[in-house]
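What follows is subunit A paired twice: with subunit B in the first complex and subunit C in the second.
Right, the complex of A and B next:
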């Protein structure tokens, strides 16, 4: 399927889903007016990709510095999708990046990871993720 | 007289520790610009990143609440559909803390539900608020409430003290709603 590349805007994150390589990246900030307009296309592409059923490896990176509460809800949906696919046999590794002094983003990573039963989850502190 | 009048108005704001105050029709564009200025101002003062994030987050949720729920709106078509929501957002410092105040008109019919939600959050401790946030994250959004509950929980979560709020009756159909958060 076609890769999904969406440039970041002032209030929405960069999307770089390389489906061929199985490397998916969400990067930046997310506090759009309408979270469903931003995340809708992301969900449907991800859903199609995960449903393809090829049991290969998928790497998903969340490199976010800020998101609002409606984006948090959308992220939760993404994690649920990823965990379902992992339960069905796809090997999925999620990396959650945060700046070492950013307690809020670290805590969000911990919160999301608590619900994951099948995805391999890495919490990664990075100096330059500001 | 003109300068004198507005100087005294400005002085009054300064004395209340106000960094900036916006009153009028709020849009997502204004939200972005004010938020950007707010982050720059805090960065210039070497505010720690954790505090900057908390203040910014409360500001965004409050401003988006005004945009979505203010009962005082104008809408129309100026080549594209436009809807503007009236409200107030004020940010300042007092007693070495940041405070963010938002205010807007709410319908009398929406007041009991909003009051219940805020009273519930006021009584919760930090861990309870965190657990409640997670519970709401997993739930499907409520009808008619484009994410209001989770937004208020996010605000309560970032606050250093319980949220203060008040409703001032305007007439039988509406209230002036005001909320103050300290960080």
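Right, the complex of A and C next:
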């Protein structure tokens, strides 16, 4: 399937889903006025990709510095979708990046990963997170 | 008992667990369905907790940012206030400094006639004492008396003319100085006043060897603030002397006055010196703009000109390259009465 590449805007993150390599990246800030306009295309692409059902490795990176409540709900939905796919046999590794001095983003990562039972989840502190 | 935000949800979940536990004799499809519902509700409650946390943190961040913003804004406003106060006080001291230069000029100008009168008076006193000695010794001859008369005539003529000169200078300076110090508004003849102001700057101008040209229609009466006008002219002239010419270079300063409309006069001050780079023209009236920071320029001279012309004098001022491309020209437009 076609890769999904959407450039970041002031209020929405960069989307770089390389489906061929199985490397999916969300990077930047997310506080769109209309969350469904931003996350709609992301979800439908992700859904199609995961439904292909190939037993393969998928890496998904969340490299976010700020998001609003709608985006938080969308992220939780995404995590649940990934966990279902992992339960069905896809090997999924999620990495949650945060700047070392950004406790808030670190705690959000810990919170969001609570319900993950099948996904491999990494919290990664990085200098110069986007 | 502590307050629990999700008390109702937790109780509902407990009820659901009890319900689930009591379903053992129900058909498989019902048990699975209830299981899924309980799981989904449980997940939903967890998500709700997270979302509340996300929202609270975002609000807290926003509040912190707002506080920081308010603090910085207050800081910036204080700094701006301090700067304005400093600027006002610098402008005051610059005005005083130029009043000082004016007084210096006056002293220098009056010194010459007073000095001549003094030496003449002293010469006359000596001659008188000599004559008295001869008279008391009864040794006075007609030639001695004739010589004394010639001396007395010459010296008294010189004393009179120089004292008159000094008195005339004092009269004209007095008006300029009083106006400058007081900021009184009155009616005055523009041409005469411009000449009086230039006379007080005479020593500076003569020292540099510049020619000064004044053209003004006779009998042009302004009802305005002569002190402010005098300050404006002084600053123009000092500006030309300091910036317009290299030392040893002589030039012409000109003040052309006309009356384009019945209620307004136009004064064009120009010199034929080095002029001002195009890039500096737009900033020339800005406070603290100077090309001579290192050598004592305060950058306030033309700012004061701008403030006086647009403030008390009620007019406008602009700058351009002089018409012939050499030097600089300032155009000041003033109302005949500063009240309009």
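Observations
In this section, the second predicted complex is superposed on the first by the 129 of 130 C-alpha atoms of A that agree within 3 Å, B and C clash if a C-alpha of one lies under 4 Å from a C-alpha of the other, contacts with A are read in each partner's own complex, and residues count from 1 in each chain.
Here is the rule we go by: a contact is a pair of C-beta atoms (placed from the backbone, for glycine too) under 8 Å apart; a residue touches a chain by one contact, two chains touch by 3 or more.
Worth saying up front: this structure is predicted, and the values here are computed from it rather than measured.
Touching more residues of subunit A than its counterpart among subunit B and subunit C is B. By the document's definition of touching, neither partner reaches A:27: not subunit B, not subunit C. In the superposition on chain A, A:91 contacts neither subunit B nor subunit C.
Within the superposed three-chain model, A:108 lies in touch with subunit C and out of touch with subunit B [touch as defined at top]. After overlaying the two complexes on the shared chain, residue contacts for A:59 are found with neither subunit B nor subunit C. In the superposition on the C-alpha atoms of chain A, the part of subunit A touched by subunit B in one complex and by subunit C in the other spans residues 68-69, 72-73, 76, 104, 111, 114-115. For subunit C in complex with subunit A, the touching residues are 43, 46-47, 50-51, 53-55, 57-58, 61. Looking at the complex, you find that subunit A touches subunit B at residues 10-11, 31, 33, 35, 66, 68-70, 72-73, 76, 99, 101-105, 111, 114-115.
Interface residues of subunit B facing subunit A in the complex, by the touch rule stated above, are 28, 32, 48-50, 53-54, 56-57, 60-61, 64, 67, 130, 133-134, 137-138, 141, 146-147, 150-151, 153-154, 158.
Across the interface of their complex, subunit C is touched by residues 67-69, 72-73, 76, 80, 104, 107-108, 111-112, 114-115 of subunit A.
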